[in-house]
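Letters are used for the chains, namely A, B, C and D, taken in the order the chains are written, and counting of residues starts over at 1 for each.
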């Protein structure tokens, strides 16, 4: 475990209407790992996630990506630094085809400039062909190639989940944040997703995933961070964490002296 | 006859089933607690019972009547009330007005019932003219429970009443649940804090991945080591 | 100056009554109702119909017109808005622009484009503390105050009014509490359209009736509602007063013709500085 | 009707249909592709018309003028000024909810109408600006309308190809993504605000150009010509009828609705003169009802949206129509 830290979160705080969703939380993610972020409902995982990707601005604390501060940056800039996310409930671009959903993603497309698309169509076309080939590759990888011309709205929920992953892969990010990849997914697809995540890790990607399904976490994660009440409670290997009394306590709660 | 009898319940959002055939009963006079890891489908179960999530298979029988497929407006009239986990008060309405909204479908006078609620939750009486949105989380939870009780329901559904509360307030809220039950209202609740929830319950159910895993008395479940394992998988 | 403030109060009352409906519809039906100004005009012209054509006294004509406008609003909702309710707020917005167009020209079809008045002849203004006020303006002021107080009492004291505020607060919880949300939507139209009709009649009494009167009120109405935090009826009243006073006082500096632009400029400034409205309101 | 009348009407149809089609194409960039709610189309149209009129006229003491610029400069200036105006409205409103843009665009359109009505030194107020130069009028003489029809259609085709090229490039793909889900566009690194602003400005530019073409054809403009009905709603109805999110639809809709609109004028003309003004109102009611019926029955318009956006993909699998409403 000597790999560099790709993401560091220091003393993060976020309040919503007087309630501290994330309360002085610190954790870090090692490059090349699949790190799970788990914890009971309301532990602050999703809020932390949204702060890392710039969708929510932290009240206090810092977030560093490869040593560079990224809190305070808007989502599209964070994405360009190499952090990509999926959404828990798939948010496909409904009236666009699967292929278009993917071709949208790559950064710095010259054709996104209006002048260039008007006056240098040749160069845009070359770029489009390159992006197209990349999209086909990704679709083949997630086995959605047969649906490439289908409107995203017509996909099943499982296919939409795969589309979320595929969209992220188009950007070739260094750190991928997955928000509950297994939610609403059948066991077969879950195994498939686990397989993709592992093989992508082997290609050098780093993953941080919020997940409730402990089987998936145990299956793919090589490191687990447990959050509770907005803070990091413990971290460790999945099997250690699972046996940790404090984790058990966090999930089951303590009995009050009630009744 | 059970007060509430749920059998073979399949339900979910869009095209995904969250519940894959859940069964559950509540007898008159009971507190029943549903626990389970995140994503087990507890909230979906409650919403399906209350007609907020479409039921795809199975039956829900309440007081001997099949209420499967009815909407919340009809279910409320049959004596079941529901307190959602979040956004469970009308923030710009005063405490009194919140309670009055609870009794909305009652044509008659709600004053007496409101006095009863003030007796049960004295803090609300003090703050009767305060806007619910300006109250603390614990107080809001009490407003929410009182609102639901205004209709004198036979069965009260509580979705994680202690979520986000400090331990002191959480304990107070659970004490109130017991008190409500002692006044003759049956309670079906979901509790994140499984041990505390089971401690005050007559019976409990453990749900994982949309399926029944264990059911037993509250105390037995509290002592059962398997429960912990179910929460953390493996 | 004091004279302008007086006129501002009269005009402010009219705007407020319109803006209350707009803001409640925005909150409860979740779309910006661009036909609201034209509902004002409809009310004003229906009163003209009952006043001139049927020869009823003004107060009776006004009451019947208010009721008819409410009925028309419910009919429009059933016919056009309700079937589109599931498609989302933008389609409803386009539809309301279409309704505005239809209403305005139905009015023009029946009454023509020329300006009309309820009553001919020039009224001699009263002088009170050195301020000029025409009797009809005094009436408008009194009625506007009474109606605003009435709305306040309705929202504050009646069960339906409270339920309406509850719906504006939290639609899902209202449904869970057994409040019949469809019925409340009908009530929202009744309240919004009645107030709009009353405001339209007052505007017609103060000046004259023109088919475009509702369209021209749209900007001040929206400006008032947005100033009040879009969704807060009490904010809409305050917003209406601010807009009206600003419009009247602007005549000290600018050409009178630019009064309507004042509300627009105020609104844009507010959107730049405080998009949630002057009086809180949730984001 | 004799032949001359038919040809004459046909030319009017082509000219007005073409001018409206350019506006509708502009609106399609804003609403059809990006989901921006502009109901102040008339304002941009007005700015284009007045700007070009003032720029191209010789000295006239009734209003600002005397620049005597060529037609093409006037038209482009009209477009540019409309675009600048869009920039001005876009900056405060495009970060907010969609309704606010709608209200702001109505506001700017109405404010502009007030300005042209009241600032005599600038626009001659209600008297209007007459004698707007008609390009190459002396060259074509009696065939002038035929020439102008060709000119307008050429402009329309140019605008169509300009938009198509933009829309069927990655630029258009981003616009469409913003329309579908802004958060996703953000999450994949697109500067949503910038793209929205570009779409608003580009659309406004075309509306300004359409206004200028209008001014040079009729030769006389006054505030009355820019009533919201003619200048804004008709364009919306055209886009909804033709099919928003489809440039061909915008053009088709413009011609269909213009035929209906001008056709009802014939009917109105046949009515007794006393009914004249009423007939005008009735025509508009009909157009309004057309909009409502379209929204209720076929919200995707006659043509519906085209499925493929990228030029490259079009070769791959042809352009199938998107299924109704998705």
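The working rule: contacts are C-beta pairs under 8 Å (C-beta built on N, C-alpha and C of every residue); 3 or more make two chains touch, one makes a residue touch a chain.
Predicted model, so just to flag it, every value in this text is computed and none were measured.
The chains touching chain C as well as chain D do not exist; no chain touches both. Chain C has its Cα centroid nearest to the centroid of all protein Cα atoms in the structure. For chain D, the chain whose average C-alpha position is most distant is B. Across B-C and A-B, the chain pair carrying more C-beta contacts is A-B. Centroid to centroid, with C-alpha atoms defining each point, chain B and chain D lie 56 Å apart. For this pair, chain B with chain C, the centres built from the Cα atoms lie 42 Å apart. Rounded to whole angstrom, the centroid-to-centroid distance between chain A and chain B, based on C-alpha atoms, equals 33 Å. With each centre defined as the average position of its C-alpha atoms, the distance from chain A to chain C rounds to 48 Å.
Looking at chain C, no residue sits in touch with two or more other chains. Contacts with at least two other chains are made by no residue of chain B. None of the residues of chain A touches two or more other chains. Chain contacts in this assembly form a single closed ring in which each chain touches exactly two others. Here, these are the chain pairs in contact: A-B, A-D, B-C, C-D.
On the side of chain D, the complex with chain C involves touching residues 35, 37, 39, 89, 92-93, 96, 98-100, 102-104, 106-108, 110-111, 114, 117-118, 228-229, 233, 236, 240, 277-278, 280-282, 284-285, 287-289, 291-292, 295-296, 299. Note for the complex: chain D touches chain A at residues 162, 165-166, 169-174, 176-177, 180-181, 183-192, 198, 202, 245, 305, 307-313, 316-317, 320, 322-323, 326. Those residues of chain B that touch chain C in the shared complex are 50, 52, 72-73, 76-77, 82, 84, 87-93, 97, 100-102, 104-105, 147, 151. Per the touch definition, chain C reaches chain B in the complex via residues 159, 162-163, 165-166, 168-170, 172-180. Within the complex, the chain A residues that touch chain B are 18-19, 40-42, 156-157, 180, 183-184, 212-215, 217-218, 242, 247-248, 251-259.
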